[in-house]
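In the two complexes that follow, subunit A is the common piece, with subunit B as its partner first and subunit C second.
What follows is the complex of A and B.
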C-alpha cells in the first residue's frame, strides 16, 4: 500500500460507543450505515481496492488507538456483509465460514466502467489493444483514479463493458493471466 | 481460449499486438526487478564498507555492474518492442487509409462511367446548337425593323412635323409690359449676403494672426 496520508476521520470515530455493536436494531442500523460510509471513504482515500478483514481489524480504520477502542471482527463482518448486499463490496472467498477478503467498491462496477471508458475515449485509445497490466499498472494511467486497481476488480468492471459491447477481453492461448482488452 | 464473446471483433493483428505488448509488460516488470536488485547491491556494498570488508563490497559492486548491463540490454529490447508495436499499429492505420482511398477511387470510377467522354461531347454539341438557335431567335425578335424601314419612319415623322407647324401658326404672345415697376430688383437680400461675407472676412483672419506666434 502507499504510505497513508492522513485521512480525516469523522467526529463519530472518537465516540467510544461507535466501536461497540449496539443491541437496539434501529441504533445498530444507523451505526452500520455510518461504518459503511467510513469504510468507503477510507478505502477511496487510501486507494485500497481490496480489504483483508483480519488485517483491517488492527488498522486505524477499525482500531482507534487514541481512545483505545476497536470494532470486533464479527461486527466488521456484519458491516461488510451489508455492503455486499448493496453491491458496495464483494466477498472473495467462496466458503461462508472463512470469509476474510473482499473487494470494496467505492465506485460501483458500472461507475468504474464509465470512468475507464471515458478515459479511453479522451485518449482516443478505442480500437487499439491494451494489456490489462498496461491499463492499471503502467505509466500510461498514472494519476487516473483506477490506477493500481485490483486485477480481479478490473475483470469485473471490464465484463460490464463487454456485456454492453463496448469492449472485448481476450488473451492468447499460452498466457491466460496476461489478457488484453480492446475498447470500441 | 473460451474468452471470446459471441461477436468476435479481435483480428489476428490484435493478437499479434497483444503478444508484443505482453512481452513488453514482462520486460518492464523485469526492469523494475533489476532496479530493486541494483539498489539492494548498493546497500550491501555500503554495509560491507562500513564493516571494512572491502572484498565483499567489491563483489557487490561487481554484481551491481552486471545488473546495470542487463538493465541497458533490457531497455534496448524494450525500445525495439515498442517500435515494432508502433510500426504495426501505424501499418494498420495505413491499411485503413488505403482501403478508404480504394473505395473513393471505385466511386469515382462508377461516376465517370455514367458520363462517358462521347456523351459529354455530344451533350456539349447539343448545348452549343441550342445556344446558337436561341441567339438567332433573340436577334430576330430584337431587330425586326430593318434600316430601310427606319428611314421611311424618319420621313413620315418629318412630314408629320411639317404639317403640324403649318396648321397651327404661332399664336399671339402677350405684349411686354411697359409700366415701370417698383424697385424690387434692388432687393436688400444680396446686400445682406455681401455684408455677412465681409463680416466673415473680418473675423477669419483674427485666429490666423493669433495662431502665428503660437508656432
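What follows is the complex of A and C.
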C-alpha cells in the first residue's frame, strides 16, 4: 500500500496558466474541476487524510518548481470549498476567516464505513472491542487502505456505522486515543 | 437548267430544307447521346469492375481511397450518396464515413473543455485512431475532411480552418476574424504569446491586442498566466496534443 513510487502528475500540471485562476467562468469551472481531481488523486496516493493549506501551498501539490508556478492560496481555498460543497472535503476550522485545515475524502465517509466494515467481516472481528488506535495504526490493519487514517476522520466514518446500528463506540474522556469500537 | 425559285415556291423550298436539316441534326444528336450513354455505361461498368478488383485496397489504403474518391467525383459518381446500393455495399463507404463522423464528433465534444473547440487536424486524427483501435481501417486527413463534409447536412457546424501552417477543426460554430487568426497563428510555434510579441509582429496598438485577447479568453481558446513578468496567453489546443485518454 505504501508504495514509494512518486505521484504521476497529469499533463495539465505542466501548463503554466493552470496555476493562475482563470478569469473566464467556464474555463475556471473546468480548471477547478481538474484541481479537485488532482487533489483527490494526490492525497490518495500520498495517503494524506488531512491538508493544512498554508503548508500544502508550498508542497509539490500546488507548487510546480519545475516551471516556477504555484497556485495562490486564495485559489486553493476556492478549490477546497468546492470539494466541501460536494462532500469531498471538510473544514476543520470553525471560523470562516481563518480556515486553514481540512479533511480530504478521496472516499466518502460512507464508502470508508463500508470498507472498514467489510474488512472487519473478512477477519471475523465482529463483537470484539478494538481501540481506535489499534484499528488504524497498529500492525493489524497494515496494508489496508484505511491504515493511518486521521483520528477525526475515523470518528466521522464510525458515526455513520453507529447510526446504522452496525457499530458502537466507547468513549474514553481521559484518553481519546483509547476510545474503543465494537462492530456488529 | 434550273431556274431560281421565286415567291411562294422559294419559301416552301427553304422551309422544307430547314426541316430536313433539323431532322438530320436531331438524328445526329440522338446518335451522339446514345453513343455517350453507351460510353458512360461502359465507363461505369469499368469503374465498378475496378472498384471490385481493388476493393481491399480502397478500403485499407487511405491514399488510394482519396484518389478513387476524386476520380468518382470528376465523373459524377458519388459513392457516398447513399448508404444503400452498389457502392455502399461494395465498399462500405456509407458506413465508413458515417462511423468516422461519429468518432470525430465524440473527440471534438469531449476535448472541447480542454481546447475550447479548436483542434489540430493531426491531433484529431490521432485521437480518432486511438478510439478506432489498432485493427480498424487506416485513415488519413482526407478521410477526416470527407467525414466532416458528410456531417454538414446535419447542421453540425464543424468547420475546417487554416491557421498559420496548420489545418484545424472548429467544432463550435463561430468565425475567426483576421485579427484572431493572426494571433492564433503567431502563437502556433511556442503555444503562447504576449502583448509585446504580438505588437512587435503586427505593429498593432496594445489596446487592439488586449481586446482580441479578451475575446479569445472569453471563448475558452486561451488561458492567461499571470506568474510571469508579462502576462502570457497560452493556447491549450497547441499545448495538449494528446487526447488519447478522453
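As a convention for this text, the second predicted complex is superposed on the first by the 173 of 184 C-alpha atoms of A that agree within 3 Å, B and C clash if a C-alpha of one lies under 4 Å from a C-alpha of the other, contacts with A are read in each partner's own complex, and residues count from 1 in each chain.
FYI, a contact is a pair of C-beta atoms (placed from the backbone, for glycine too) under 8 Å apart; a residue touches a chain by one contact, two chains touch by 3 or more.
Keep in mind the model is a prediction, meaning the values are calculated, not measured.
Applying the stated contact rule after C-alpha superposition, one finds that A:20 touches subunit C and leaves subunit B untouched. In the superposition on chain A, contact of A:84 is made with neither subunit B nor subunit C. Within the superposed three-chain model, A:73 lies out of touch with both subunit B and subunit C [touch as defined at top]. Shared-chain residue A:115: touches no atom of subunit B or subunit C.
When the two complexes are overlaid on their common chain A, residue A:169 makes contact with subunit B while staying clear of subunit C. In the superposed model, A:57 makes contact with neither subunit B nor subunit C.
When both complexes are overlaid on chain A, the residue A:134 reaches subunit B alone and has no touch with subunit C. No residue of subunit A contacts both subunit B in one complex and subunit C in the other. Across the complex, subunit C meets subunit A through its residues 113-114, 192, 217-218, 220, 223-228, 232, 234, 236, 239-240, 242. Across the complex, subunit B is touched by residues 128-131, 133-134, 138, 162, 165, 168-173, 175-176, 178-180, 182, 184 of subunit A. The touching residues of subunit B, when paired with subunit A in their complex, are 1, 3-5, 7-10, 14-15, 17-19, 21-22, 25-26, 28-29, 89.
Against subunit C, the residues of subunit A that register as touching in their complex are 11-12, 15-20, 22-24, 26-27, 30-31, 68-70.
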